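Both complexes below contain subunit A, partnered by subunit B and then by subunit C.
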Partner chain A sequence: MSYQSLFYGTLFLPAVFVLYTLTKQAYRKYVLLGASWLFYFLAMHRVTWVLVATCVGVYGAALWIDRASGRQRTFRLTCAIALLAGALIRVKYAGWIADGIGMLAGHQFSVRALVVPLGISYYTLEAIGYLCEVYWQHQAADRDFVRVALFLSFFPQIMEGPIARYQDSAASLCAGQPITGQSLRNGCLRMLWGFFKKMAGADRLSLLVTVIFSQPHRFHGWAALLGSAAYVAQLYLEFSGMIDVTMGTAEVLQIHLPENFRQPFFSRSASEFWRRWHITLGTWLKTYVFFPVSTSHLVVNGNRQARKKYGRQTAKVWTSFLALTPVWLFNGFWHGAKWHYIFYGLYYLVILMLEVILEPAKKRFYSRTGFSPDRGLFSILRWLRTLAIIVAGEVIFRADTVTTAFTMIGNVFRGPSHVHALLAASHLDFSDGFVVVLCLILVTVVDVCREKGVHLFAWFDRQPTAVRWALSYSLIFALICFGAYGAGYRKVDMIYAKF
Partner chain B sequence: MEEKIIKMLEENDDSIDYANETHLIDDGLLDSFGVIALVADFEDAFDVEIGTADLVPENFNSVQAIAALIRKRA
Partner chain C sequence: MRNSKWIGFVAGLAALLILFSLLSETVSTGSSAGYAARRHNVLKDFKSQKPHTIDVVVLGDSESYTSVDTMRLWHKRGITAYVLGQPAAQVSEMARMAEQIAGYQKPKVVLVETNMLFRKVSMVNGAQNQFGQTIGEAFPIFQNHDFWKALFVKDCQVRRYNGFRVLTRAFPDTKVSGYMKPTRRAQAIPAFNQMMMARIVRACRDNGSRVILYSAPSTKNYSMAKHNALEAYAAKLGVKYYDLNTRLGLTAIDWNQDTYDGGDHLNYNGAEKTTDALCAVLARCGLADHRGDKNYRAYAQLYRQYAKRVKRIDERWNHI
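Right after this comes the complex of A and B.
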């Protein structure tokens, strides 16, 4: 079962909302936990025990850590993280690691492939985050098992995140707030908007993207650029769309979850892009990898010595390199056990290091010339440069191998273009193109409004009832008419659910 | 102490009114690289040890919050 299935949308979710409403406030958390584990069971069957065991283990581990102090506390945290990471490595990376070791040793090792539990990459990070917060005493170990279990298993969140911090979402998950007319309206509207982005835009673009990435040598010039840009658009529409579905579901139940996107294509630098794209993964990496590495004795002492010997800027570059390397290796590796994901992480490491290295020169340039980096020509140039970085990065991310990615990036600068051949091979006709362009225009308008601080839901709420109904029905009909389903289309799985 | 902290912050970026700013982290005026560089400066200048657990926005959003953190760790 997934969020796009008819069963989920027409039976499962409405049934949860009805049961939730009929239950007393104090018991609503049991409804949500029961629904979450049922959802998981319907999707993963027997493997559900892994999720349940993780909930029990994390609940116990947090109490175990909280009872200790000093080195004992650190030892307990290390054990708990090792167990969680070990389970993730076993199911996701064991085969890849065995192949690597086998290649080095000149001997083939075989590792039994296991079913990868749905959402393991997401709930493992949430679990590690919770244990670290307990260890740092930012959060007491929770004695309410249901709250811990619901934090890790909440069904709208389990497939693609967002990766929440315990203190940000656990309390509201268990608050049992009622479903109100406003929460139902706004939540459903956000879900519809998310489905529209996924089914009208992303699923159509996937036809074009599949063609170009399955024949990386065939298309050049504008066709190669169009295919690469189409993948970036597909990824954004699908990932942000499904996050909208998650946030909308949570909004109906008046549950607070952190936002995962903040208009990423308005970024003027790669570092800004990562503060706006997959925000919760970035926040997790900053909090639980970047900061601990940066404040470790090794890095702090290295920083101190580098400052004395070579000055502040060199020390900053050195510290940044030491702290960012594990962050970006982790980011790449988290997406899967493939070299192109690791290369994707290293690609951003190099770009962010260049930003750190060139920062003083850029400051000098802008102060001497009087140009503003945030206005006029330089702002546009920085924006275009960032778009180019994003597109090249996503080609590395999507291509099967690093070599294929380089071939495709190189093809952009080679001719001749065969845009018509690409469109013909994708089986996209004029009406498909029209719907995709319409979807992209609408998404751009919504993102511009958000960037300018216009709250569309607040605006929607201020409209007369007739206008609100008209808009809601327009979105429903747009989804029915423009959704890429039925004859000529195939079901497109959620991209980030496979991570 | 607050004046010394402001001077150190200004070495990082002198375009901000640190004395009155209360959302240095929340408004993105101070990023994670800035925090890390400052932690090393504060540790040397005030002879304190600032750990990972201290690196939360509440401790770096204003000069007063930074001063409170340093006093706590002194």
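Right after this comes the complex of A and C.
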């Protein structure tokens, strides 16, 4: 089962809402947990036991860690993380690791491929985060099994996140807040908006993206650029759209989940982009990888000595390098066991390190010339540069191999471009193009409003009933009519669900 | 008051769904702008045929309408045939079609192209698809949702001859070395597809039709493992099975000339050869020759249009 299926939208979700409303507040958490495990079972069938076992294991491990102190505590945390990471590595990375070892040893090892449980990368990070919080005593080990299980398996977020922190969402998951008229209205509206982005925009663009990435040598110039930009647009529309669906569902149930996007294409630098794109993964990496590494004895001592010997700037570069390298390697590796994902992580590591290295020079330039980096021409140039960095990064991310990615990036600067051939091969006609452009314009308008601090839901609430109904009906029928589903369209799986 | 507002909203939504469904039905009829409209029109055209005049109905996915040349069947043996196959069809969709045939035609033979049987679908997904199809039948707007394309695309008529699609391009398949490599392995046919296939056989038998399974030549879609599975499955169903991939000597398919897209589908050339092979199979089913029968004048007329078109194609190919 997936979120964009008619069964989920018209039967499963309404049934959960009705059952949730009919149940007493204290028991609503059981309804949500039952629904989450049922959803998982419908999607993964027999593999559901992996999720249930993880819930039981994490619940027990947290209590086990909480009871110990000193080295025992560290040992127990290490064991728990090793088990969680081991399960993830076994199902997701074992084949790739075996291939790598085999290549070095000159011998071929075979590892039995296992079914990758849905959302394992997401709930494993959440589980590790929870155990670390218990270990650091930021959070007491929860004695309520349902709360822990629901935190790990809440059905709207199991496929693509957001990756929540225990203290941020667990309490509201179990609070059993009633569904109110306003929560239902706002939540449904956000879900509809998310579905529209995914089904009208992203799924149409996928036709074009599939063609260009399956024949990377064939298209050059504008066609290559169009295909690369189309993938960036597809990824944003699909990922942010499905996150809107998740957030909308949570909003109906009055559950608090962290936001995953904050208008990423308004960024003026790569580091700002990562503060606005997949925010919860960035927060997780910052909290559980960056901070522990940058506050470790090795890095702190190294920083002190480097500052004495080579000065402040060199020490900053050195410390940033030591702390950022595991973050970006982890980021790349988390997406999958392929070299291009690791290269994608390293690509951003290099760019962010360049930002750190060039920072004093940039400051000097702006102070001497009097130009502002945040206004006028320089602001536009920085924005364009960031867009180019993002597009090149996503080409590396999407291409099958690193070599293919470089070929595609190189093809942008070669001719001749056959845009018409690309459009013909993707079976996108003029009307499809019209819907995609309409969708992109609407998304841009909404993002601009958000960036300017205009609260569209509050504005919507202030409108008379007739206007609200008209807008809601328009969105529903835009989704039904413009959605790329049914005859003639391929079902497009959620991109981030496979990670 | 609050509840009455919500009830009003849902009632309004239902009314609009009905309104849009009617609108989509009206616009889709006679238009071939949207994918759904094209799909819809094949069924509409089938239903508009003179009752009980079709001898052979072909079900399946795109392999079906690129492999059975209905006009050649008419020309060679006077057999009236109609291909109801649809692009990327699910077995469940064809089961629904098979059940609808009875109301309009009593074909003596129903040919089922087998590629769709291997489409991956779990019982849960299958049930969900069924649910989607039921909703789509209740509110046709879900099936004809791209009816608005008629506003943009005026002239994209796909020419079909009783469901057969004439594909003229030849894009060779140069890598056929592993195709139909002998093996004793059998590829599993998903349980849901088996269930739906049993429904097709039941519906056809109830309508007095004989079911024959066949596999169209395709290097991209067939293997010996699939052949083994289909042979066993046909025996289980109690129907005949003809695999044209193992009878290439008979069909004489040339993968440099006879495929439209590198071995996935056949072009017009390949369809001619496959149809000739199927003609021999159908000859054993005791089908009458309708050529010269006044009731079948429409077929003769359609064939004349078809003949003009393929003559042009033949001339072009001969020229090349």
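Note that in this section the second predicted complex is superposed on the first by the 499 of 499 C-alpha atoms of A that agree within 3 Å, B and C clash if a C-alpha of one lies under 4 Å from a C-alpha of the other, contacts with A are read in each partner's own complex, and residues count from 1 in each chain.
Quick note on the criterion: contacts are C-beta pairs under 8 Å (C-beta built on N, C-alpha and C of every residue); 3 or more make two chains touch, one makes a residue touch a chain.
The structure displayed is predicted, hence computed values, not measured ones.
Room for both subunit B and subunit C is found when the two structures are superposed via subunit A, with no clash between them.
In the superposition on chain A, A:S472 makes contact with subunit C only, while subunit B stays out of contact range.
In the superposition on chain A, A:K286 contacts subunit B only, with no contact to subunit C.
Applying the stated contact rule after C-alpha superposition, one finds that A:S294 touches subunit B and leaves subunit C untouched.
Shared-chain residue A:Q137: touches subunit B; no touch with subunit C.
Once the two complexes are laid over each other on the shared chain, residue contacts for A:G483 go to subunit C alone; subunit B is not touched. Using the contact criterion defined above for the overlaid structures, shared-chain residue A:F430 touches subunit C, although it does not reach subunit B. Look at A:R312: by the touch rule set out above, it reaches subunit B but stays clear of subunit C. Between subunit B and subunit C, C contacts the larger number of subunit A residues.
Shared-chain residue A:S320: touches subunit B; no touch with subunit C. Touch criterion met: A:R304 reaches subunit B, while subunit C stays clear of it.
For the pair subunit B and subunit C, the least inter-chain C-alpha distance in the overlaid model is 39 Å. In the three-chain superposition model, subunit A touches subunit B and subunit C at no common residue. Within the complex formed with subunit A, the residues of subunit B that make contact are 11, 28, 31-33, 36-37, 39-40, 43-44, 50-53, 55-56. Of all the residues in subunit C, the ones that touch subunit A in their complex are 2, 5-6, 9, 12-13, 16, 20, 33-36, 38-39, 86-88, 122, 124-125, 128, 131-132, 135-136, 141-143, 145-149, 151-153, 156. Interface residues of subunit A, counted against subunit B in their complex, comprise 136-138, 271, 275, 286-287, 290-292, 294-295, 300, 303-304, 307, 312, 315-316, 319-320, 323, 356. Put simply, subunit A touches subunit C in their complex at residues 1, 5-7, 10-11, 42-43, 45, 181, 429-431, 434, 465, 469, 472-473, 476-477, 480-483, 485-490.
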